[in-house]
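Got a structure here, written out as structure tokens. Questions coming.
Naming follows writing order (A, B, C, D, E and F), and every chain is counted from residue 1.
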Amino acid sequence: VAELTHLDEHGRARMVDVNQKPPTHRQAVARCAVVTSAETVAAVTASSNEETDVFAAARVIGTMAAKRTPELIPLCHPLLIGNVEIEFTPGPETIEVAATVECFGRTGVEMEALTACAAAALAVCDLCRALDPLVSIQSLRVWEKRGGRSGTWRYVPTGS
Amino acid sequence: VAELTHLDEHGRARMVDVNQKPPTHRQAVARCAVVTSAETVAAVTASSNEETDVFAAARVIGTMAAKRTPELIPLCHPLLIGNVEIEFTPGPETIEVAATVECFGRTGVEMEALTACAAAALAVCDLCRALDPLVSIQSLRVWEKRGGRSGTWRYVPTGS
Amino acid sequence: VAELTHLDEHGRARMVDVNQKPPTHRQAVARCAVVTSAETVAAVTASSNEETDVFAAARVIGTMAAKRTPELIPLCHPLLIGNVEIEFTPGPETIEVAATVECFGRTGVEMEALTACAAAALAVCDLCRALDPLVSIQSLRVWEKRGGRSGTWRYVPTGS
Amino acid sequence: VAELTHLDEHGRARMVDVNQKPPTHRQAVARCAVVTSAETVAAVTASSNEETDVFAAARVIGTMAAKRTPELIPLCHPLLIGNVEIEFTPGPETIEVAATVECFGRTGVEMEALTACAAAALAVCDLCRALDPLVSIQSLRVWEKRGGRSGTWRYVPTGS
Amino acid sequence: VAELTHLDEHGRARMVDVNQKPPTHRQAVARCAVVTSAETVAAVTASSNEETDVFAAARVIGTMAAKRTPELIPLCHPLLIGNVEIEFTPGPETIEVAATVECFGRTGVEMEALTACAAAALAVCDLCRALDPLVSIQSLRVWEKRGGRSGTWRYVPTGS
Amino acid sequence: VAELTHLDEHGRARMVDVNQKPPTHRQAVARCAVVTSAETVAAVTASSNEETDVFAAARVIGTMAAKRTPELIPLCHPLLIGNVEIEFTPGPETIEVAATVECFGRTGVEMEALTACAAAALAVCDLCRALDPLVSIQSLRVWEKRGGRSGTWRYVPTGS
């Protein structure tokens, strides 16, 4: 059986010991899509004023969630997060969300990027739900990571 | 333009005023799928001991996240959540996650169910990442809600 | 010596017992002013895009802080806050902040309004500091409360 | 238009990237005044027992708030705060509050000092409100900062 | 096997559903003893000033912890806590801690009283540790509960 | 009077200044016993499935509490905790709990180990209470610390 590093030899959840790793600069990007009706995307982005407001609020929410990752996901380590950026890209029936998190530390920030991306997308869903109860979040995953022992890694989408 | 109830007449984010609504029993179910390799699903569910442990931890994480929804999503109201259940169903290359949240209150618990489902799925992803950096969360959405003015609503999957 | 209701007969801090009070609709408004240079007010409100963004973020921060009041101020009771509104009014050398909080509960929401107003003002200060290290918060106080045994009360500014 | 470092080139709120800065010793002092009636100041400071209790509680509240600054103000970085001191100085109709925060880190602690000072002052207001609903917080600002690229800076009060 | 109400029929942790219970007035008292050297008790209670300060701070900490119980213990329900009292009684080589929690709600407050008592005792230990690394917490348990279906219950110490 | 390092010269609570200390590797172990009836221990550990679930949940709770120590105990410093392990050892009428916390930092992790141990034990008590309202927590103390100026220290139980 392949190794799940978050389980000890007895199959019990544990934080991975990162005390021995030297701190390095880390970065991770996570992305997902909020999928909804064209009408709802139009309502969310209707005017520059409304657009800014909705996305500004969701950006704050994602930034906050990145910092709270170790409170939400127990096996994540507390980190001194140095930068968070949240981007929204509206399409015909989607609003794409990208979260970039950086820190100087002993462990990667992929979970922080995933959590920030999920929270920002949930905040957008919260707004869309009044118009479209079918709104969903799709394809939340890590797209890129830099730094640490394993260096740079990028997700290469295949086909769809 | 259709109405986004979380924006006021100036397009500014606001909490919807629920003071006038009578409290009723509310329930919501959200679901998503953690999509990963067959090898990773096998490792996560390898032995009953490990399976229980991983899912027990993720169940706690989802329950906790349901209760913290108003801290994460600013426009959500504080609620006296009365029940949370998190279910995991492993498939060949997926682990399906379902979160059911109930309360007796003035507003629905769909966002709480979505947040619980997302957090439980992120906890499972956190474990899978060591084996499968391509792990993703798919199709996070509300599947069912009961109670409140609009009564019962169910998502009817179409085709795929 | 006049009575401080938050101290018991031994002068020890305590939460006031509100269990016997019937729940009623409560509202409170708090206001303050962020005082800074004309140049800084201009930069913050420079374009409609920037203005919305800055104030949208600060509005989220104030809303969040209202909900977290009992975590920050230990003698405040947990409340099911039903509505929060944060308004910003730029003047020549000030940005006025008003926070309105409503709930249906056993105790007033004045501390929640003060905390929301303070947090939103601190968020605005955080932006202004790069241009004006002298930025200050002035005249943070309750302006209005409704509901509860003592009914409606309004602050009447005198002279200055 | 002058530069607001917390906004990117599109006017969107962001955390300032501090990853490149070397950690140094930082200190900041913020002050404000709780302004209330002479009778209320007397009640708060009536006996040494009561005085100690009220201020001891408010000191804990301010210390706690300093550590929670990045949860309240989204663009603030998590910091390993090393020291917090909160001082109260009663005057005829005021209680002055001073908060000193120190850390060894990549960014200043001015927001932490302002937040600690605001929270400690709000805790004092919470006690005063029973006697004086007009109680207010005045002149909350940074008075001193040390460390970092810009070195030492002091506020020089002018006239009033 | 006797029934553990927090486990479902599959042995999985769950929140007990309290939606069907009518809200009633609930109270619980928990106690424990901080056991340390006579010298340390003397230092903690040395002067009325120091005594008040230490216990005032610990009282705030216990009150805060009572309100945060559902964040710490995942299966506890959010509650609108109406009253918290923390008492300290120094003895020759002990400091006894009693925490009383009250609320009007659908479930008891025993866990809230235990958590408040534990946190207040930990805060006292934190002070004692500099003088006595052997300081311990003993006999933390519920001593009394009132309200709810099972009515009043009292712990009757036997022998020691 | 012996020196309590958490009080300043006026007997006021303060965080100890740790800015001058170099960061080193720190470790602490705390232990306690949940004392209950033989029947309750049997129910908690009845089947391997149930046992894993209960202890897996409590392990998550203890890990989470270790990371939140500075939010609960105001004079504790924020720390970048690198590892947390929680062990449960059932005996005839007890369930022993051991919490080990490690970090690389400027101050020890004894309070973090005590807090993790207390929270994990409270989570076990929460389950036991349905069967045994007399369940108690006994002998919570630090058993071992390593690192820092004072080096390694071990508790040597005497007699009982």
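By definition in this document, contacts are C-beta pairs under 8 Å (C-beta built on N, C-alpha and C of every residue); 3 or more make two chains touch, one makes a residue touch a chain.
Because the structure is predicted, anything quoted here is derived from the model rather than measured.
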Repeat of the A-D interface, chosen from A-C, C-E or E-F (over half of contact pairs identical by residue number): C-E
Longest centre-to-centre distance from subunit B, chain (CA-based): D
Length of the line joining the C-alpha centres of subunit B and subunit C, rounded to whole Å: 32
Inter-chain centre distance, subunit B versus subunit D - centres from mean C-alpha coordinates, in Å: 38
Intercentroid distance (Cα basis), subunit D paired with subunit C, Å: 16
Junction residues of subunit E - those touching two or more other chains: 11-13, 49, 52-53, 56-57, 59-61, 64, 68, 74-75, 78-80
Category of the chain touch graph - line, ring, star, complete, other: other
Contact pairs between chains, per stated definition: A-B, A-C, A-D, A-F, B-C, B-E, B-F, C-D, C-E, D-E, D-F, E-F
Complex contact set, residues of subunit F against subunit D: 8, 11-19, 70-71, 74-75, 77-80, 105-106
Complex contacts: residues of subunit A adjacent to subunit D: 25, 52, 55-56, 59-60, 63-64, 67-68, 78-85, 102-104
Residues of subunit F that touch subunit B when the two form their complex: 48-49, 52-53, 56-57, 59-61, 64
Subunit C partner contacts - residues on subunit D that touch it in the complex: 1-7, 10-13, 32, 39-40, 42-44, 46-47, 49-50, 53-54, 57, 60-61, 64-65, 68, 72-76, 110-111, 114-115, 118-119, 122-123, 125-131, 133-142, 153, 155
